[in-house]
Amino acid sequence: MTRLKLGLPKGSLEQATIELFSQAGWHISTSSRNYFPSIDDPEIVCSLVRPQEMARYVADGTLDMGLTGLDWILEWECEQKVAQIGALEYSKSSNRPCRWVLIVRQDSEIKRVEDLQGKRVATELEGFTRRHLQQRGVEADVLFSWGATEAKVVEGLVDAAVEITETGSTIRAHGLRIVEDLLETRTMIIANHDAVRDDWKKSKIDQITLLLNAALTARHKAVLKMNVPVARSAEVLAILPSLQSPTINPLSDPAWQAVETVVDRSQVRDLIWRLKQAGAVGILEYDLKKVV
Amino acid sequence: MTRLKLGLPKGSLEQATIELFSQAGWHISTSSRNYFPSIDDPEIVCSLVRPQEMARYVADGTLDMGLTGLDWILEWECEQKVAQIGALEYSKSSNRPCRWVLIVRQDSEIKRVEDLQGKRVATELEGFTRRHLQQRGVEADVLFSWGATEAKVVEGLVDAAVEITETGSTIRAHGLRIVEDLLETRTMIIANHDAVRDDWKKSKIDQITLLLNAALTARHKAVLKMNVPVARSAEVLAILPSLQSPTINPLSDPAWQAVETVVDRSQVRDLIWRLKQAGAVGILEYDLKKVV
Amino acid sequence: MTRLKLGLPKGSLEQATIELFSQAGWHISTSSRNYFPSIDDPEIVCSLVRPQEMARYVADGTLDMGLTGLDWILEWECEQKVAQIGALEYSKSSNRPCRWVLIVRQDSEIKRVEDLQGKRVATELEGFTRRHLQQRGVEADVLFSWGATEAKVVEGLVDAAVEITETGSTIRAHGLRIVEDLLETRTMIIANHDAVRDDWKKSKIDQITLLLNAALTARHKAVLKMNVPVARSAEVLAILPSLQSPTINPLSDPAWQAVETVVDRSQVRDLIWRLKQAGAVGILEYDLKKVV
Amino acid sequence: MTRLKLGLPKGSLEQATIELFSQAGWHISTSSRNYFPSIDDPEIVCSLVRPQEMARYVADGTLDMGLTGLDWILEWECEQKVAQIGALEYSKSSNRPCRWVLIVRQDSEIKRVEDLQGKRVATELEGFTRRHLQQRGVEADVLFSWGATEAKVVEGLVDAAVEITETGSTIRAHGLRIVEDLLETRTMIIANHDAVRDDWKKSKIDQITLLLNAALTARHKAVLKMNVPVARSAEVLAILPSLQSPTINPLSDPAWQAVETVVDRSQVRDLIWRLKQAGAVGILEYDLKKVV
Amino acid sequence: MTRLKLGLPKGSLEQATIELFSQAGWHISTSSRNYFPSIDDPEIVCSLVRPQEMARYVADGTLDMGLTGLDWILEWECEQKVAQIGALEYSKSSNRPCRWVLIVRQDSEIKRVEDLQGKRVATELEGFTRRHLQQRGVEADVLFSWGATEAKVVEGLVDAAVEITETGSTIRAHGLRIVEDLLETRTMIIANHDAVRDDWKKSKIDQITLLLNAALTARHKAVLKMNVPVARSAEVLAILPSLQSPTINPLSDPAWQAVETVVDRSQVRDLIWRLKQAGAVGILEYDLKKVV
Amino acid sequence: MTRLKLGLPKGSLEQATIELFSQAGWHISTSSRNYFPSIDDPEIVCSLVRPQEMARYVADGTLDMGLTGLDWILEWECEQKVAQIGALEYSKSSNRPCRWVLIVRQDSEIKRVEDLQGKRVATELEGFTRRHLQQRGVEADVLFSWGATEAKVVEGLVDAAVEITETGSTIRAHGLRIVEDLLETRTMIIANHDAVRDDWKKSKIDQITLLLNAALTARHKAVLKMNVPVARSAEVLAILPSLQSPTINPLSDPAWQAVETVVDRSQVRDLIWRLKQAGAVGILEYDLKKVV
């Protein structure tokens, strides 16, 4: 039987990915006794693969589809070697994209990338950093770092580092300074080129992509229902975001209407406040599991 | 005041049971200071009782109602001594029924139950195993086991064991072999015969049973709502499972209809994929708390 | 930019408060590196403040708004010094209000507050206790207690204690006796008087209060939907609580109606049982995120 | 190669036993991947076996030697079936022997064992309890209990229980009353009769027993060294326990002597206090690893 | 029977204190079920008491003896009200004394205590701080702080704080500045004046004090033994600290001597290095349990 | 002031290293707030550095001295670039050296290194593996692996892996097969060549090396003391290992001698058994902290 070989990111994104697939409709269970996570879909076989290594296994067909970061696609120069199906906006703790930044000590004389000439730079993203510096005409000693990269700058083991950060707050807390952003990265769905040419595999990849996005969208949406006096209906509707047209139903009392709409979750606290002032009553907010 | 004496299974199913009752509408709280769990229903008094011992306490009226496994009902030959109200399909991690199986070492000469003649068998289900072997004409030395039963086979302390398993994967992982399934078990709601004859108690038992099942059913169902072009309505409805007829409502734009239906959660990932291709838009999935 | 200075209760209520704000629509994140919790609303700046100290900081304008217990408002005699916006009915584990009670050893000769004359009383609520005893004409030695107050009574370090309790069960478990309730307390939203006079701040305080209450209310409510034979409609409607009028919609089969209503969650287990007997079918229960 | 099959008690005594063997000179390591603990002595093969089941496996030669409680030797009537090599005075938390006691509710009418006539008694020590009651002419319903035995008395599931305790404090804390002690138990070294008749095995059993006791003794002993004025030597020596004669050595200053002795650790705090008053100086206390 | 009522410090020093008593020869065990720690000396009865409250209970005779900080003795003005038996040099993590310091934000205008005039100061050591400021002629608003005191300065809730610190590193890490040390504190053994006048109690207090100090001293000492060529004996002895005269014994080979001495543990790493170069061989280091 | 820059291995060996230094006489404390561990020797400044990266920092003088594995010295071809001061025999759990082995699936056709021709090999020791295969004339695709290397073989992502192991048991447990050992590694003390030429630094390196070895040796040694009848002295001395000559002292009773000797800890269990049979009494075993 044909099965789609799917690579899931092992490590810090692993749990969040399993939860996202669960919401999307696929239950994946991992166990310490078994390297292959089990999934309740006989058409898929899963592997847990480090995000750092994913692109290479998708590029050569060991995997048909995988989730990994743009950074590691670039590290291995796989931009053309894999099909980039789309980005997935999720992360462990927030929805901000992560950036790889050049960091130095607060008191360092390095003010721009060009000042790295002849210096030592530690990074886990060794290939990308080396090529990036070459393109900018900088010759530096780029050292592969086994984690705790920023500590090496603090301790003076190296002159600078290229490290990933979401908000930069940890970097500042250690007395380090960001010189420049080198790369903004995000989680990508990638696929093998041959898999994309196979109708069955392509359809399966598209189904998974659709459902993952349906689950992610639902996290940012909510349903609002309320009763509105017909007389103030226009006022209420003017408050609701215009893009998604609300459903309006009559109520048994002809002076009232029922209004139902899908809104961004982040707007709810302001919408409810304004809807109430505009005369809406019986306002209810519901969660959603998927939105397509 | 008359109160229903309810036995909850202590141990591995305890937390799952408390969560199921919570979803069903009864909040139970346990504390290390108090043997009696408190429940927010003055008509019920709860006790935590080992599943192994439940049937005996229900049979003799110490408890009116209890949740326990079919295996332990059989162990104590209580099939007739208690009223079996129904099965509850839930477990710690999956919905598969558990089986008591006869296990031996991979290299054992025991190929069928009859080969146990004169051998030593360890099991926690001592009475059932002894009677089962007798019925099949096998004389063996059945030893009660205080847990870690399969270890005894691995270590060679006994020739075989009768142990419970869901998937058999742990058994295989330890180099053991399943000879035969002896008993498939599941969680049962049982009641004392006198309690069943008492109208008030019977009604309370039925209410609890109804709500527990309503909660369990809701875990396997979801609501789908969508907007469908009237022109493609038949195509969409053909996709939806036929058993539960969907609710169809007109929308203000007469070219569109709103469709709402309850479906099995396990089908949602395929339904959404096909509904979208059939022209449905604005597809929303909702969770449910109870389904009757 | 004007920002509302909001004090969140640090300690035992902290996690429950952050979850309540999250449900209300504000995401707060705390970190061990930063004393200021971050909140996704640029109009608010949060501080974590001990409930014991909150009222004083709100009274003098260091904070505009805060959540704290009535007990600590009274301890510092701030009843008039802050604006009491309203009570919030929530707690770590239950919804019962907490009480400060006078406790003694089971075998103590102290039977009423007046028997404290000349005795030693330990309490964390030192000021309130001292004033309360004075008002009742009792002269006692009130000692401030750094936690584990009831232990001091058990050990005989003091004659009595004034301690907080929800159910009294811990007190009884230690062989202590409650002499009298001195104060029932609950969580309050309080605001600085100047902030209340500032239109922008008052509006922001009201918005937060509205949304917190909307979230709390939703925890106690559920939506029930069902299909009802028109012939038994009156019977079904008679079961539903009368205060919130249900929405009734026709179904395509004219012999049936769809009924939808919001009910108290605590009533659901009885309502479903009775609705089913009254002929309702397809009964569904939904959770809610907010109810206004 | 001949090897001694040694059974170690699995469960609550497991860690303490491994530590005792380590101090005695054998390093045992257990792993979740392997049922057989590894030991750094090629002449021994270890198994972890429940104390409840140990005696039966030693009696029938599945094991040559084992550590278990006297209670479980009696439960299976193995007093004659195994060789009792000796007792080991150790436990998880103290050195007190444990007792199996008959417990009832504080307010129970049961005042002596004879009052159990016709009652229900829960216990994990089912066989011993049944025989004990029979010997005293009492007919009662003895029910095997899967743990949490005392809870069954509190909850009223049974009339009495036979349970193990060290100090009785937990029993009293739950409002229960001890009617009578039925059995005092301690950890025993037992051996198979055939193993005892095998010279090599007997010698190995004796070596292990010697070293385990050497380690246990060392836990209760300490070495004291001190310098004593010759003039006060008699006074100092009179303080030291007479059984173990101290070593006395001259010092370069003829007015002083060095005294060294092994004493019970529990006496050290009093000895040092008195030795100092008797003129000893430079008192040093050393720990010991083994004492034979 | 007369018993010494001993107060042990509850909280951060509790575990270290119990370990110190264990080394000194008294085994204390605490349990969550019992407020009174048990001790294996029938002449002592222990209570766990907050260090903050200890001095008051010793002063009034509720306790005979206690361990607490000098700071809390001063807080309650108990310098004369209790007998100060001696200081104990130990702490959770180091042997440095702790200091109460005045802290402000890095950018604060407060440069000395006198600048506190009219400011708000948070502290847990409220009474001492108030008196200290009065003595220096400063009028400030001293607020009692329920923990996390330094956070209040960072957040701007107060202008300054009086907080305890060992190294000051946490304070600096939070961007705060130490203005001045107000009090150096250490752990003290204190006793009730009446207890000191009671011969039996005084003797018991002295015994405990002797043994606690013997245990503490042993932590800082080690025994070194070595063999030394007689020819280089003077050279070796010159290296050894002169205060404690080593024991020198002949060996069977008359060219060698055995030398044994007690040294400070902190010197061992340098002594061994130098002793080896001076010709000592077979150098052994032993731990000690007590040194008097 | 001159200070020795010392690199400690971060990660799995970190805690064991800190404990070894503590036993040797240097107290190192790490904190999450500070990248530089503090050490109680003003002549040393410590850094925590990944063992993988240590050799490069020692080679170029960023560090004067470091502890790392031989494997990582070879990975970076630093055999000549650093001074190898000596090996340290310790590890997390045992004293066995670790080996890098070539592993394949149980059913793989790869039987020897030469069969890797054209295959894919995952390893964390990328450089060493690549050079090793080249030297043996094998062309293979060597992929750097971010951990969980053996999983990649199990999952079929690669054909083989080069992985580190102590006993091989985990490898076998996963159904993998060891083809060949490629490298045996152990912890090494290394130093920068310039540091070795600096007298002060060389002396400090030698002192640290001496004390670390003194501590490690003490872990494998014990002191035995006993009293022996003069008549059986020869018999007893014949049992004791001949290399270290015991100290023999007369006792007051001329028929007895005191014998004291240092022996390997692993021999103690057999020595005591034999010494007792040879007539030794009062046998005591002491632990040691350092042995030079």
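Labels A, B, C, D, E and F are assigned to the chains in the order they are written; within every chain, residues are numbered from 1.
To be clear about the criterion, contacts are C-beta pairs under 8 Å (C-beta built on N, C-alpha and C of every residue); 3 or more make two chains touch, one makes a residue touch a chain.
In this text, all values refer to a predicted model and were calculated from it rather than measured experimentally.
Touching chain A and chain C together: B. The chains that touch chain B as well as chain F are A, D. As for how the two copies chain D and chain E face one another, under half of their interface residue numbers coincide.
The pair from B-D, C-E or D-E that reproduces the interface of A-C, where over half of the contact pairs by residue number are the same, turns out to be D-E. Per-chain Cα centroids separate chain A from chain F by 43 Å. With centres defined as mean CA coordinates, chain B is found 37 Å away from chain A. The multi-chain contact residues of chain A, meaning those touching 2 or more other chains, are 249, 286-287.
Applying the touch definition to every pair of chains gives A-B, A-C, A-F, B-C, B-D, C-E, D-E, D-F, E-F. Looking at the complex, you find that chain F touches chain E at residues 24-26, 29, 33-34, 40, 207, 210-211, 214, 218, 223, 247-248, 262, 286-292.
Across the complex, chain F is touched by residues 93, 169-170, 173, 222, 251-252, 258, 265-266, 268-270, 272-273, 276, 281-287 of chain E.
The touching residues of chain D, counted against chain B in their complex, run 10, 35-36, 47-50, 52-53, 56-57, 62, 143, 145-148, 151, 154-157, 174.
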